[in-house]
Amino acid sequence: MSEVLARLDGIERRFGSVVALDGADLILRAGEVHGLLGANGAGKTTLLNVIGGMLRPDAGTIEVGGSVVSFQTPREAWTCGIALAHQHFALVPAQSVLENLALGLARGWADPVRDVRAKALKLMDRIGLRVPLDSRVDHLGVGDKQRLEILKALLKNPRVLVLDEPTAVLAPNEISGLFALLRELAAEGRAVVLVAHKLDEVLMVADRLTVLRAGRTVLSTVPGDYEIPDLVRAMVGADPVDAIAIGVDVEPRSTKREPGESVAHLDRVSVTGGPGVDLEEVSLHVYRGQVVGVAGVEGNGQRSLALLLAGRVSATRGSVTLPEGLGFIPQDRSTEGLIAAFDLTDNVALALHRVAAYQDGPWLRWSELTRHAETIHERFEVQATSTSVLAGSLSGGNQQRVVVGRELSIATDLLIAENPTRGLDVAAAAFVHDEIRRLVATGVGVVLVSTDLDEVLALSDRVFAMTRGRLLEVDEGQRSREGVGALMLGGAFAHA
Amino acid sequence: MAKDVRARVGVGVVAVGATALIGAVLLWWGGYDPQVAAGAMFRGSFGSWNTFASITLVRSVPLILTGLAVSLAFRAGVWNIGAEGQLYAGAIAAVWVGLRGATLPALILVPAVLMAATLGGAAWAMVPALMRLRLGIGEVITTILMNFVGIYLAAYMVHGPLQESRGVFPQTDRLVEAARLPILVPSTRLHLGFALALLLAAGLAVLLRRSTFGFQLRAVGASPEAARVAGRIRTGRVVLASFLVSGGIAGIAGGVEISGLTYALYEGLSPGWGYTAIAVALLGALDPIGVVVAGVFFGALQAGAGAMQREAGVPAAWVGVVEASVILTVLALARLRAVGRRGGS
Amino acid sequence: MNEIEIALFLESGVRLGIPLALAALGETITERSGVINIGLEGSIIAGALGGAVGALAFGDPAVGVMAGALAGVAVAFVFAAFAIGLGTDQIITGTAITLGGLGLTGAVYQARFGATGTALTLPTLPSAPVPLLSDIPWIGGALFDQAPTAYVAYALAPALWYFLFRTAWGLELRAVGEAPIAAHAAGVRVRRVRFLATVFGGGLAGLAGAHLALAHAGTFAEGMSAGRGFIAIAVVVLGRWNPLLVLCAALFFGAASALQFFLQAFGFDAPYQLFLALPYVLTLAALAGWVGRSRAPAALALPWRSE
């Protein structure tokens, strides 16, 4: 067997009362692409941050090249040959690509960018990833940001390259390009660690698999030793399996629900200058009793579409018809869906306080609001001792139960759900999917906007792809990852 | 809820205790006898019923009012550091109406004076509010700058257009009887302004807890994004309204001071109440009822500091240090509690 | 208005602008690291008292200048301990530091020099004309016949610009102020950088205070900082967080404050209280008028914890 580059043994890490890692082990060898699997909340990102020097473990050892190390900062990890490519948030938006590449590389009084430019150009030539060096990062698309993160890590010439969910923001054909690159890097004698929560993506490229569950390494194997159902069981244990959330056995919906009357209508609507990407001449009918799915790589206008349909932004041109009973599940539950410092009753009131039934002149009917919050607490099985618990103290899954419960209770005509399962564990994702199915059966129209293609395909009666602010309907025959993926990238040309 | 109140009261008590300790050490370090100073401080604030009513409670009126103004703004996520300028704007407007309407009966004139004070303070707050909402300029700096403009405007007024008729002293003419707030407790100087402050505090408490506007204000202050996206609240309107109400209350503080106590406007009317108000608001946990308690505490502190200077020779400027240490202790305790909650339970 | 009056106007404009420039240049560095120090006023007044005490104790204004800078550092250190160390709210903490700084200096001054009596007379920093440059017509005397602390401000502006935009340390500092998470991921010690930037800003504010006491007034008075800390923060905004522009903005506001001489020379007879308000009104107008488009560091006033 080839040389062991790094070995993590019995890593433990807590955040307050939450145990994120509880005895995680990982062995990385030269020349391998190592897939790190686990459902959301299994501790993958925490483990990566420990490898990369972002977090110090509470217990356990890290060995690099045979000697035990302890990283105070990420820089010390680089000097040991380990570099971490984050999801796209670890960039400085207001600085240039070059400055982002230089950050932390050059030290002291030196000109930070001079040497880095030549190095970056050489690296980009060699591996074929290109990012415009003089652009400001906030002008880049998400795909470019992800490529920049990978370049940033490779510029440290690491022996161990760690990638945190690099595929989440890439289109299907971009993903295969990335995987080819990872194979090449491994062939040069590096170890590449790839994290994803979709099983079949990891199986496409990995030579070795490690499965984390509840902060613990439960399986370390090579692909082929285990059947997919066994891997799934390793990932989720006894939890109910939600095929969508872990990316196996996803079948596009074949049976179509009969559409009811039109409940929302966009007619050649454009939105410019809003918080998201501009929309151009978007038209859409939403019918009762059907799910409209909107797929697309992040940053193509889905955010604007969701906010428009939810009545949160107004159209620059075109006409918008929306119903009264409208619920909206925004993508970021902790900053947009809930107020962490408010208790559950206040958070329920947040959406309901505008409903006339809960108002009495200038006053709010707090007893009604409290009763309603209690109903949601029970009906949606929110794990909280009472409705006066602060929302910020709940787990992500329970927070989403509050948001979903609240929005379902006002979505008597239309529900807009924007990435409703992002970051949720398998059980919570299954809950959200079940609730959406149940709601649509009662005759409510649903629009599901999601970057998770599998989720869109599995739940939707009609599928649209969003690309550069335009909305394109996907023909029935094209409803597959590959088909929709092609539309997502080149759709504008395909239709023109 | 009850647990929360207990915790806030706990923070307040610890902060006051810590401050007393810091104060004593500072006094000892400055070469004073802490015991003598503390005795003077107590006599000067709680020594007798008359001292308490005429000095402590009278001094607490502008502190409670500006404290309410600041706490309301902070609850809405508005960093109004401008209560000082708003107070002066209110005082100028109040004295102007009071002098102009000298022939009116008290039943009309007193409300008119207070209304003018409210509008003056709100107008002063309107400038930074619009600069934030229209131009995206943070209100911290603009409210502070408006303080200086307000202070100098008042100075100009008492040297210029509103100077007393003999033209000797830098102050306005005295308000006629009909423009003055009645005395609340006979044979003390405690005026109706104190009752007004208590009423306003009670009103704000109900507003914040029960009303739609109060709820929206709290939501915008706690998370503007969630208020906008999940609550469909027009955050700009709520910010503007909170800013104006806050400025209006600070303006009332100026009007009440003039119509209840000094009966004239002069330079240096406020020894920095608008800044002390931040300490009052924080010690009162940004809660109207808490602000009343904290306002009386600081009123006693300022009353006592005066006595301390007279009897023990301790410079009254120490009060600034005490205020600062109250603010810092409350902030530090709140942080430590938050960290403890995250790390412990 | 003749040449002498114009020279006088320019000279006093620069003289009034220098303390603003010193404090604002320091605050520029502080804010670039993501910290807004409203306690700057406290550092300035401490610097003034420190300068006075130091100069008196050693009979040497140069020692006073050092003592003033140190006093400014000490005040900023307290601010940083709370706002960065504990992560308390920067704006409220800064306000408390200003209140405390004004109170403490007032109390110490009264205790040491007595509450009444005549004003303190200090050994002053004489102006040091720069050969040749000070002979330039119109502006030579105004810019180059000033106290040595003025030349510190002139030299600092380009030096800090170079530091911010042409050195790796400057890049790290800006990254900390824009995206602390990214800086942390690149191995930068976010809180350490913020601490140093804040203390540096406090030192310059202390220097500004010492300049006020030793070069400007020749005495110490309670509250003599007179809101300059707040104006300096506005000057940073006007200078768009760029040291070169910040220096220009500070001199501009010095000139605005000196306008009273100019207008009086024209026989413009308005009460001086309105002149006192003028710089503040002009600052507000300038903020409203031309700052609109510029952007503060993204993480300004946001606390940071590494997990």
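For clarity, chains are labelled A, B and C in written order, and residue numbers in each chain start from 1.
One rule holds for everything that comes next: a residue touches a chain if its C-beta (ideal position, glycine included) is under 8 Å from a C-beta of that chain, and two chains touch if they have at least 3 such contacts.
Everything quoted here is computed from the prediction, not taken from an experiment.
Visitor: By number of C-beta pairs in contact, which two chains lead?
Guide: Looking across every pairing, the one with the most contacts is B-C.
Visitor: Taking each chain's centre as the mean of its CA atoms, which one is farthest from the centre of subunit C?
Guide: A
Visitor: Starting from the mean Cα coordinates of subunit A and subunit C, work out the distance between those two points in Å.
Guide: 46
Visitor: Taking the mean of the C-alpha atoms as each chain's centre, how many Å separate subunit A from subunit B?
Guide: Between these chains, centre-to-centre, one finds 47 Å.
Visitor: Approximately how many whole Å separate the CA-defined centres of subunit B and subunit C?
Guide: The computed centroid separation for subunit B versus subunit C comes out at 29 Å.
Visitor: Could you check subunit C for residues that touch two or more other chains and list them?
Guide: In subunit C, no residue touches at least two other chains, as defined above.
Visitor: At least two partner chains per residue is the criterion; list those residues in subunit A.
Guide: Residues 15 of subunit A touch two or more partner chains.
Visitor: Check each residue of subunit B and list the ones that touch at least two other chains.
Guide: none
Visitor: Quick one: in the complex, what on subunit B touches subunit C?
Guide: 30-31, 79, 81, 127, 131, 135-138, 140-142, 144-146, 148-149, 152-153, 155-156, 159-160, 272, 275-276, 278-279, 282, 314-315, 317-325, 327-328, 331-332, 334-336
Visitor: Note which residues of subunit C are touching subunit A in the complex, please.
Guide: Within the complex, subunit C touches subunit A at residues 166-172, 174-175, 178-179, 181-189, 295, 297-298, 307.
Visitor: Report the residues of subunit B in contact with subunit A in the complex, numbered from low to high.
Guide: So the residues of subunit B in touch with subunit A come to 1, 210-213, 215-216, 218-219, 222-223, 225-232, 341-345.
Visitor: Residue numbers of subunit A touching subunit C in their complex, please.
Guide: For this pair, the touching residues of subunit A are 15, 52-55, 73-76, 78, 84, 86, 89-95, 99-100, 102-104, 106-113.
Visitor: Looking at the complex, which residues from subunit A come into contact with subunit B?
Guide: Per the touch definition, subunit A meets subunit B at residues 15-17, 307, 311-312, 328, 330, 335-342, 346, 349-351, 353-354, 359, 362-364, 366, 388, 403.
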